[in-house]
């Protein structure tokens, strides 16, 4: 039963990912992004990381995907939607990815067949305790980064209008 | 008296140093008298020694052939090699001591008058004393090396004395010529010494004599040494090839010629051969050489004397001829006869020179053609020179007769061909001597002005002339009387008795031939030169070529001049080689090589190293340009390259 | 008190003091210089006093006044100074000549201070060479003499001085480079690596013959330039002509001896097999040096060049003595070295006297000076006759013993070399005839007689020339015991030559 | 399911993201591909945490941080994009070649 769950989830994720990459229409690829992220969340769940499952869903699927949709709407023009989405070097890219995949494959090989030893149990309490004990500093830092990103984003969007006034 | 014999050479040496540095130059300096006093003392000493040894009052040391033999170590090196400073007085040494000191004394007295007006008189006397000291050193020395040292010092003093009037180019050239020619002879002597030492390891005459007696000296070595010493003697005693310097040495003051070039120095060669006679007797070949050299010199010199017009040159040739006789005497085992002739020759030849000196002093010219009939103006000089001319010409019962007769007798006993040539030379001798006498003193004066001016020399000059005249008259007879000289100077040679003589000549042949030849020469000279010179001049014109060769001394002079020019050319060639070849090519050439290498390395440096550096520069620049095209602003391309790199790395990871 | 070191480094002290004296005080500088050289000479006399000639070792030379300090322990280099019969006479010659040349160099006007500094430094180098018994130290002093000599010729020399100085320097350096190789070869060949000459002398048994030959050639190149032996002599006439008088006195008087000294001390003592192999060539070179040198001298018109070539000739006699490998030969060579130093030193001084007055050394330019300068021509005559080997003067005995020694083994070459004596006599007399005898050349009317200063410089040398001529045992007494030991040090080795 | 499976999946996801970043002409496409790469990384972390280091949850915590950063990056990227879009009126990656060499 567990295999079925894993295979289906991973199939969903990979197909969605391919969609993101190959969809002609940017809007569709944004949607496929959402689906892919949900697939990943499922995999988290399969891996017993329940808090992460929830987190993924909350942060990525809703936040980022939606955000992208907005930007597509704002920045995109009608012509963009139907223009060719991939530049001319994609065969080279495919070749490179294949080679790298093969490289990965060699690295992954040793890990084959390592069984899980424990049953998954709720990890939220543990994560919380960890966050505030070992990872206190990164926790603070990450908040700092987020604020900075926020200010940056505001600045760019506001600054733009200033730029327009000046010729 | 005999023990202090080593003082005899030293006293004149010190006096010469004192004279040279003490006192002041100039005409009236007192130094000459100091010189004469010293020489008088030496003469006294040596005459006493001579008479005592002569009369046998001082006997020979038992079993030895010498009277005195003392030595002090002078030089010692190596295992046991030593050179001693010693004194060896035997028969010949005593005789020569007497002769040298006597003649030197007389010459110094004579020079008082002769050099009266010369401002460098002091230096003249210093050189004279120095010469006599060196000569006496040569006579008494027991070691051949010291003998050689004295030999060279004698050469130097003759150089100084010949070149006494060095302002004039003539004496300067003559002095150099004399020294170089004698030096040439000395090389032979030097070689002989080296060879002798390498075989015997000592220079001491007495030790050498015992060595040779024991037969340690192989024959060919003895011959070589003999020849070497002979060459030395030829150089010093002006024998055949190397006689050229003696006629030119007449440039020096006449008393010098009298002392050095008549009585003492030139005799050194004969004395050397006599001193090492034991080597010669053990090397018959060398002895034969001595004989033949002597004979040839005697004959050729006599011929040269016939045509000479300079009075001193005639006497010079005559000296060479008489020296030839002495050499001949030695060569034919006539040891005693040679030394006897040496002694008598010293007296009359010194007299002749001094006489010529007083003639020159009064007429101020050497050329006999400007003289003539001086007997009226200078009776004393004329008579004394007359006696000397008769003595040398071979007038019987005079000293010259005895000694020359002894030499001819020895020659006859050895080889009659030699005797014949010897007698012929004797004839020539009487001819040219009488010619000289007639030209200068007899006949009418050819140069009236000089004739008026001619005057008899002062007493200081004629005194010595009379002493020598008496000696020339009686010395021969006295010494010959009951074999006095024979007893003093003899050298018994096994197999060659002094008078044994191979073929016994009939009693009258030898003396008769000599007298006949003497009269013949006298007659001829009288006929040709007593009266007018027409006939002589006629004869001379007819035999022009002969006169000329004789005049040019058988072209020996030219030969040696050619030799000198050859050596100059050789020297110039050597110097050319040195400066051009060795210096230019070897050294400067080397510089060129180094410079070429430097240029090459410089070129290499510019072209390659610099090139490489610039090359790197341009390379990076081109590469930069090349890569620039890659950077086209496409972010994705950069990512592409990164991932390309990762891909490559992955394959690498896989393949390993 | 370390006498040898004081003798060697006293001039250095003097030099340094002179450096402190301001340039203007020329008189003081000259006084100081003469005082230093005089003190060094006195010290060397003191050395002679204390030296016992008969104290001689059996197989290796026994040194006196030995000073041995560890200098560079890692390399095994010792500050090893010592003297024996061979070096004492030469040291005395050096200090004497330096003293007299210093007196003569009062005549130097330009840049007096540097002159005397270099002069004293040169003296340090020279004395050092003869005392050093350690190859490293020897080489150091050997090179030390080069630099001052280069400046002395290069700055105060004649017209072509720079060329002469450079040529001299490069030539000698060329030689000493090979010598350095030789020293290093010896250093590495000796089992306990050492520069000490005495140990090397004992160690040479273990070296192969071909090794000794090669190292000998290396040393010979260095020494031949100094001697000067035939192919390497061309620097000498040039250097002499251009060098100022006192310098050329030192150059001829002492520097030439370093070559011969080296040959005896190093080449013979340490490399006997090499020496024995080289003998036939040495005798030929000696012959060439004698006859060729004399002939070249004959062709000269410049007086100084003539004397220079005569030095080549005289050093040829030394080589002849060395080729004899016997007590006679060695004694002759050393004696010849000493007397040549004295005579040629005097000769150069005298030529200098004439040059200072007439500003030309051309023989043909003069004539009949004998009348005008009696005292000068008297001394000159004495020195010339001494130089051509007149017995009774110093030149004869050394020369004669060299010939005696060489004649025993090399009869043919020595006989030919005898001709050299004749040629020497010829060119000296030719010079004297052209300069002193003959008609007086009016051009030199106002030529002043030799003055006191020059007389003081030349006087002692003339006296010594006569003294050693009349009584040579003075030197032989010093050198003979050592030479006896040296020559039978390798008795067996040179048996075939004996 | 073994660890390798999850690793394969995350690898595939990573490569697809990379491919997208390389080939998408539209900048937003590139951003989205980057989001995918981030997720691949997270997946890897959680998988390792689950299979190898199961005693502690460091993997998960780091994943959280990664998500935080990813979000911030996306925000900034898009803001920039908006600014560029306003200036250049285009969002195609080829046109952003001002920094050409």
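Read from first to last, the chains carry the letters A, B, C and D; within each, the first residue is number 1.
FYI, a contact is a pair of C-beta atoms (placed from the backbone, for glycine too) under 8 Å apart; a residue touches a chain by one contact, two chains touch by 3 or more.
All of these numbers come straight from a predicted model, not from anything done at the bench.
Colleague: Give the chains in contact with both subunit A and subunit B, ordered by label.
Modeller: Intersection of subunit A and subunit B contact lists gives D.
Colleague: Higher C-beta contact count, B-D or A-D?
Modeller: If we tally the C-beta pairs in contact for B-D and A-D, the bigger total goes to A-D.
Colleague: If you average all the Cα positions, which chain's own average lands nearest?
Modeller: Closest chain centre to the overall C-alpha centroid: C.
Colleague: If you average the Cα atoms of subunit C and of subunit D to get two centres, how far apart are those centres in Å?
Modeller: One centre to the other, that is 94 Å.
Colleague: Between subunit B and subunit D, what distance separates the C-alpha centroids? Give it in angstrom.
Modeller: Computed from C-alpha means, the inter-chain centre distance equals 124 Å.
Colleague: Could you grab the centroid distance between subunit A and subunit D? Build each centroid from C-alpha atoms only and quote it in angstrom.
Modeller: Centre separation, subunit A to subunit D: 6 Å.
Colleague: How many Å are there between the centre of subunit A and the centre of subunit C, using C-alpha atoms for each centre?
Modeller: 100
Colleague: Residues of subunit A that touch two or more other chains: which are they?
Modeller: Answer for subunit A, listing residues that touch two or more other chains: 87, 89, 93, 96-97, 100, 104.
Colleague: If I count partner chains per residue in subunit D, which residues reach a count of at least 2?
Modeller: Where subunit D meets two or more other chains at a single residue, that happens at 18, 22-23, 93-94.
Colleague: Residues of subunit B that touch two or more other chains: which are they?
Modeller: Residues 636, 640, 643 of subunit B each touch two or more of the other chains.
Colleague: Name the touching chain pairs, please: which are they?
Modeller: A-B, A-D, B-C, B-D
Colleague: Any idea which subunit B residues touch subunit A in the complex?
Modeller: Interface residues on subunit B, with respect to subunit A: 636-637, 640, 643-644, 646-647, 649-651, 653-654.
Colleague: Once bound in the complex, which stretches of subunit C touch subunit B?
Modeller: So the residues of subunit C in touch with subunit B come to 167, 171, 231, 233-235, 292, 295-300, 326-328, 331, 368, 370-371, 385, 390-392, 396-397, 400-401, 403-404, 407-408, 411, 414-415, 418-419, 421-423, 425-427, 429-430, 432-433, 436-440, 471-473, 476, 480, 483-484, 487.
Colleague: Where on subunit B is subunit C touching in the complex?
Modeller: For subunit B paired with subunit C, touching residues are 73-79, 81, 145, 148-153, 156, 159, 163, 166-169, 171-173, 175-176, 179-180, 183-184, 187, 190-191, 194-195, 197-198, 567-568, 570-572, 574-576, 578-579, 582-583, 586-587.
Colleague: What residues of subunit A sit close enough to touch subunit B in their complex?
Modeller: For this pair, the touching residues of subunit A are 87, 89, 92-93, 95-97, 99-100, 102-104, 106-107.
Colleague: Residues of subunit B touching subunit D in their complex?
Modeller: 628-636, 639-640, 643
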